[in-house]
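For reference, the structures are reproduced in the following blocks.
Next come two complexes built around subunit A: one with subunit B, the other with subunit C.
Presenting the complex of A and B:
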């Protein structure tokens, strides 16, 4: 059996048809993971029991496979009366899983901000919330644009895990075609190339964003 | 607004502070009348920066009281915030917000703390940028300015909040020599307008010209407090004498 280019091309439209689902899952999970991760980092910084708990939680998340999280959320939560659809479960699972990693990135980004910034904010009378939103977060983002972009690409590449929950994203669609036709090489190659294109696009966007963030305002 | 004009601007009583076992401030007592200009000097590690950082709650202390006008610091968070709002601080390393334009550096607290509308905040900010003689830099970012210009923005940023008291923590120590003067000129102008100022500095020319009290600290204590004339001509404490000798020669 040889690689059939014509067949490969014929699988492009159906696989591309699922790109919307892939992008939706990736986008929601990026936002969710960033929001939860930033929340985790703020709680961890505030210390106390909450901080200790979050520290444990982050280590716990990072030490378990993402598939375990997806299966647990999908199959175990219903025992406790919590029924989420496959799509919602998938997005929550990816958000939670990557929040642990992003919390670490945020930590590095905040640690790199000189102490004087928070002192100046306090001296001006800014409250904790205003200081976080207007002084700390923007400077943190400048510090971490590149590693954060890497995790966004990772999240994109993790969307095929949702195939195990039968979420109709690109790789799932490719597998459907494969099992219908008994030809795996072509649809999987096509899906892989589309992922490659998307990942390159995100990397490029992040690079553009980074130069804009750093532009005339660099320290 | 409370009537505090008859009260001293700052009253420090039996202030003690430790970093672990290290006794940084030892029984500091200091009263600063409204409208006066105090220069605090002393060798490094004598506690002068720590002292002024206690005055706006940037440093906690273990014993004693600090009263700004009628407000006693540290009683509760609300009072501390109130006292902080009446105090402007200028740091050695400027601490401008690098991601914000000069104008936004000045308006951030006006808008977030005082809830001032954007137009009003911006015209107030431009007024103070004019006053520190850099109105034309309003739309630049801190990294595009010289050190002297950055420090003048920092002064404008603090003045925007209409403080009753200005704290300067070695404002010229991080500057190239030719930029020191432009910052000191702004500070001198401020002093002539009657602003209550406490300034940690080694600029003895500034102390002589502007201060009405010089406070000399050594090892966490105030060892000499005098008018500039007395302090520079006939310092009584041997530590102050040797400090002045190394500084002036």
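Presenting the complex of A and C:
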């Protein structure tokens, strides 16, 4: 058997057709991971038993593979009667997994803000909530735009893991074509190239956005 | 199935997990070193070629790379074992990340180091091997330890290309007996037991080589 270029080209439209699903999973997971990660970091900072638990949870997530987390959620949740479907389970899995990494990014971003900022906010009579949203968060985002963008690209590159849960994103679609035609090399190569192009494009776009939004002072 | 039987079953896969990690390092270390140094030293078209190769391995989604090489290499007449393909793909992917750490470590060195070497009449290769690389590699060692953890976690992917690692064994056991909760939580714990001591070691190394930064972090 040889690599059939004509066949490979014919698989491009159907695989590209699933790009919407890939981008949807990536976008939802990026938002979810950021929200959970920021929440984790706030709880961790507040100290106490909750903080200790979150600290351990983040360490635990970072020492375990994302694939195993997806299996865990996919097989364990239904066991307790929680049936969410593969797509929702996958997005929850990616959000939860990468929240552990983003919490560390947020930590570094908050640590880099001088103490005087929080003290000034308190002196002005701002509440904890207002201080977090209007004083800490904007400065933190400025500090962490670059590493946050890197993790967003990581999340995009992790979306094909959802193919093992039979979510019809690009890798899943490539496997569908492969099992219909018994030709694996061509659709998988096409999916790989599309993913590579997408990852490079989005990293470039994020870099451009950073300099546009933050100016030359961005780290 | 008792919890002991589950653990013994997962443990049977530990050998493959360890072997893929070890063979993966055989690819990752030379690739990271050679390409990191090459990116540091080259300019113009040569640098473009080096960067392109690094970006291919680093920016592709590793799960797709694994499938592509597993299914497409035989078509090119290269029939490698699943173990070799897995070690190569996972190793070069991590090696791509490592090369960036090597280059960043070299670039972060004070220019005076190189200039002092020149002033002493040392050759360029002696300066690189005896002055620049030792300092850069020590400074970046926490990053390398982190990447080792990423490699161990990525080995869970080889369960998808028929290798009987810990993840594969867990899936096998859960097919024999539907009892997902203890099986998959044990699997998560198994990876945690392997990776967490490495993470703690990485933190210890970071404190040792960079006490000032750690003190700043604690604030």
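What we mean here is this: the second predicted complex is superposed on the first by the 214 of 219 C-alpha atoms of A that agree within 3 Å, B and C clash if a C-alpha of one lies under 4 Å from a C-alpha of the other, contacts with A are read in each partner's own complex, and residues count from 1 in each chain.
Keep this in mind: a residue touches a chain if its C-beta (ideal position, glycine included) is under 8 Å from a C-beta of that chain, and two chains touch if they have at least 3 such contacts.
Quantities reported herein were computed from a predicted structural model and do not represent experimental measurements.
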item	value
Broader residue contact with subunit A after superposition on the shared chain, subunit B or subunit C	C
First (subunit B), second (subunit C), both or neither touched by A:200	second
Which of subunit B and subunit C A:82 touches, first, second, both or neither	neither
Subunit B versus subunit C as contact partner of A:124, first or second or both or neither	first
Subunit B versus subunit C as contact partner of A:116, first or second or both or neither	first
Which superposed partner A:184 touches (first subunit B, second subunit C, both, neither)	second
Subunit A contact footprint on subunit C (complex, rising order)	55-56, 59-65, 67-68, 71-72, 74-76, 149, 153-157, 159-160, 167, 170-171, 174, 180-181, 184-185, 187-188, 191-192, 195-196, 199, 216-217, 219
Complex interface listing, subunit A residues touching subunit C	1-3, 59-60, 62-69, 71-72, 75-76, 79, 111, 115, 153, 157-161, 163-164, 171, 178, 184-185, 188-189, 191-192, 195-196, 199-200, 203
Touching residues on subunit A, where the partner in the complex is subunit B	114, 116-117, 119-127, 130, 134-135, 138-139, 142, 216-219
Footprint of subunit A on subunit B - complex, ascending	56-58, 81, 84-85, 87-89, 91, 93, 95-99, 108-109, 112-113, 140-144, 154, 157-158, 161
